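For reference, chains read A, B and C in written order, and residue numbers begin at 1 within each chain.
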Amino acid sequence: MFVRNAWYCAGWDYHVSQGRNALLARKIAGERVVLYRKPDGGLVCMEDRCCHRQAALSLGRKEGDCLRCMYHGIKFGPDGACVEIPGQTKIPHKARVRTFPVVEKNNWIWVWMGEPEQADESLICFAVGYDDPDWNIKTSEMHVDANYRLEVANLADLSHLAWVHQNTLGAGDPATVGAFTTIQDETTMLERGINTRYWIRNVPANAFLQHLFPPEARFDLHFDITMTVPCNWILHFRAFTAGSRTEGESDGELVADTYTCQTICPNDEHSVEYYFSWGASRTTDLPGLSDMLRETVEQAFLEDASVLEAQHARVMEKPQHPTIDIIHDAGAGKMFWVLDRLLQAEAKAEEEAALAGAGRSARAGAPAC
Amino acid sequence: MFVRNAWYCAGWDYHVSQGRNALLARKIAGERVVLYRKPDGGLVCMEDRCCHRQAALSLGRKEGDCLRCMYHGIKFGPDGACVEIPGQTKIPHKARVRTFPVVEKNNWIWVWMGEPEQADESLICFAVGYDDPDWNIKTSEMHVDANYRLEVANLADLSHLAWVHQNTLGAGDPATVGAFTTIQDETTMLERGINTRYWIRNVPANAFLQHLFPPEARFDLHFDITMTVPCNWILHFRAFTAGSRTEGESDGELVADTYTCQTICPNDEHSVEYYFSWGASRTTDLPGLSDMLRETVEQAFLEDASVLEAQHARVMEKPQHPTIDIIHDAGAGKMFWVLDRLLQAEAKAEEEAALAGAGRSARAGAPAC
Amino acid sequence: MFVRNAWYCAGWDYHVSQGRNALLARKIAGERVVLYRKPDGGLVCMEDRCCHRQAALSLGRKEGDCLRCMYHGIKFGPDGACVEIPGQTKIPHKARVRTFPVVEKNNWIWVWMGEPEQADESLICFAVGYDDPDWNIKTSEMHVDANYRLEVANLADLSHLAWVHQNTLGAGDPATVGAFTTIQDETTMLERGINTRYWIRNVPANAFLQHLFPPEARFDLHFDITMTVPCNWILHFRAFTAGSRTEGESDGELVADTYTCQTICPNDEHSVEYYFSWGASRTTDLPGLSDMLRETVEQAFLEDASVLEAQHARVMEKPQHPTIDIIHDAGAGKMFWVLDRLLQAEAKAEEEAALAGAGRSARAGAPAC
């Protein structure tokens, strides 16, 4: 079950070039789509399924602004309407492929999977792209064979850094484990998600940073996370040398000011694509530092993938197995509350539309089935 | 759903040798069968499933005319009747494996999957085998992961040559595309299929032939296709230097007189085996020419396979997705009309047999269930 | 369908070491479990599924006697009870993972998949382990993609040695085939299985032994097999030079006195793990002899695997396909009688427990659903 009226990330902007055969096939929230660029650079996203006999349009041919199905040669405009059927002159009214609103923002490609007229660009999440001159952002991606709600729960709670990521994002020492698992955060509900902020003070560096500092070095770490549905997760992460304050902004020296922008696109109920980045501000960057951040987050997501894929297999086998809840489930609970409220609203709207349609049919004397 | 009372091709005759362990396992129209040759060369086709505990008879041992199951050693005659049960003398009446009528013709092996008494050899399609002295026929085969009806539709309309096969069987130039997609054919309905004939005149050579002629060379091409159910497709293809006539037989020079014989055997609803050939008449053959034809058709079928496998995945996902029809669907429509008429007749016969059986049981006082 | 109240073999004792990360994940009778050793060497077996969010405990961390889930850090004692939830002090009563009785005996690890209070160690089958000083036992293992009942039937009848194993355990010559398929055995029903004993006299050596003796050598072979549910199979196999007696103990020379101990653990309905050994007594052993026995049984089980996997595929396709029975099915019939009686008893006990529970709920006024 996926929210339809939402922007889903289809990848990085460089995944769709102006190449002769640059047709990007994706599966987004259960729907097969194909993306391509028109000669003016604008993106088109349409269902990857010809309206004639369901051939893959992603095996087709770009012709100017149009896409030609290379099975029997039907040509479609960027609005999905058929503009040519080789060998016949009449074009049936229904000869049309569904298209999806598509927007590029901060180097990500966003596709609206719901009603086109409801597509609201203000719902696209804030992010820092790799072309932002103030940041040295490095990008990557990963495929994970797990249901997307498991990913939401994973990202909505960072206590797992102490365990899953003990050798990368965590710190491996017992004191830090305590600091990571007894966080005092400030959480704000957003229209479509949550914002969470907290400090972890006077701790050793995260494992991936430790070799850059003397062992006795201590830091104040600040996390500012905005998570929105379907599964966008933007973290402003800052590390200061440990200061004297126990609340409010650290008075230590800012040694790393970084953004990591992450979005997860469900292919279907069994796998996701993960598009993510990490990088430092130009003022705190050093040669190789942002590359190290990218390597670190790749390593961490491989750690997550092994946990989540095993978890997914178990949940599939026993979806009704009893579970207990713990304190760290709160964030995930809020995200699921938002997701489920949207899902319910869409189910209700669909039901009402069906009823209205039946009413019209009944009034017109048409059979309701 | 497969027509039962039809001949299905189980492969080329050389797929079943006299070898000690030459037991060919196939799946035909959903049934597992095993084929072997008796010492006199005659073929046997039986269900690949021992009547004892369903072991694979294709893992068995040939013994003269017989086949021994190598699990517990039960031996079956070429008629499927059990002739030996090691360790016991009594052979139960039901100890028998189903056999299927099998015929070799034109180097193809044909199996009748329906009622043996209805097996009618005159229904085996005409073809030109590789042992025909008048033709230099080269053979090949391919596995495709697609439903067999998609293959029927593919072969029943050659307009796709202009698109799928633009670099092989098609010609790649816009003029030829037009010629390939606005064909005036003569179609005749046959008892179990269709015959289609047409000329494409004054066009460049097909892509696979172009390097053999000067660029300005033009040709008259003649197609004569007989397609029969389940999925046999025999094309007599001739290329003449472009002549002056605009109707009737070309008055150009016959430069290539060729036969390509193709048959597709459904394994089950999700894949097929393709057995095919192409070759020139001895009078128009040149060293290497028929090998080139075989290479060309192999290349073309790889092009089809990529289209059909993607299409199959999409149809499986959304079998009810709305589609539109175009002019080029006419040939497939005729083939499906034949297929579906046979399917309906078989469903009706089965129903009547069930009713008759129930009637007899009722009269005999036996329980009808 | 699996018997719950039975000991299933989880592998050889060396499959679970004292290693830092030695967490053995298995699937036994459809349940995922994880096994590890406590510092004192004792084994723990628990469900491989955290009670929080179903993460794999086999991806966790051993901490003394405990196992920590490395997703959110919940720690479980060897009894399955939660002993720590990082970040919170209250531990819910239901925070507990199922554990299974586990016993080591004769170098095999045995897990009881049913009610812990019914775990009866006297039901663990007799075997000869590799650490028995009187025998030179060599061990091995294999995965087979077949339902476990097919394995039971395979092991319960040795007439298949003449066919499946003609080049290994059988002898390949017609006389021996007769001897192997017309056995006069003595069978005794056991509480949970059968014991079968028989002589095969004055036959050539089994194929795997023939190169060690002159071609004219003849032997008396004695088989003493104890088979118990779920699928334990212990064979005391002895070879004597052919003696003069036609009944009772052979008066030939004992040239090989061997034990092969085999147990098959169903992972689920579609595959099994096979743990097995073979070896000679110290008094009849020779350098390399027991290694040869192990190689032979490995080779033979590869022969079985190819038969059983093909059979499994066919039975899955047509579970209701009619079959005939033969004389050699008797042993399997007895094993299935035992298995099915236990399955019925468990189904009945479960039903009664459900009824009793419903009764209690009704009396307490609680909703019965």
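Here is the rule we go by: contacts are C-beta pairs under 8 Å (C-beta built on N, C-alpha and C of every residue); 3 or more make two chains touch, one makes a residue touch a chain.
Because the structure is a prediction, the values reported are computed rather than measured.
Chemist: List the interface residue numbers of subunit A and of subunit C, divide the shared ones by all numbers used, and answer same when the ratio is over half, different when under half.
Modeler: different
Chemist: I need the rotation angle between the copies subunit A and subunit B from a CA superposition, between 0 and 180°, in steps of 5.
Modeler: 120
Chemist: Roughly how many whole angstrom separate the Cα centroids of subunit A and subunit C?
Modeler: 47
Chemist: Any chance you could list the residues of subunit C touching two or more other chains?
Modeler: Counting only residues that touch two or more other chains, subunit C contributes none.
Chemist: If we count contacts the way the header does, which residues on subunit A are in touch with subunit B in the complex?
Modeler: Residue list for subunit A touching subunit B: 32, 48-49, 51-56, 58-59, 68-74, 85-88, 92, 94-95.
Chemist: Which of the residues in subunit C come into contact with subunit B in the complex?
Modeler: Those residues of subunit C that touch subunit B are 153, 157, 159-160, 162-164, 166, 177-178, 181-183, 306-307, 310-311, 314-315, 317-318, 321-328.
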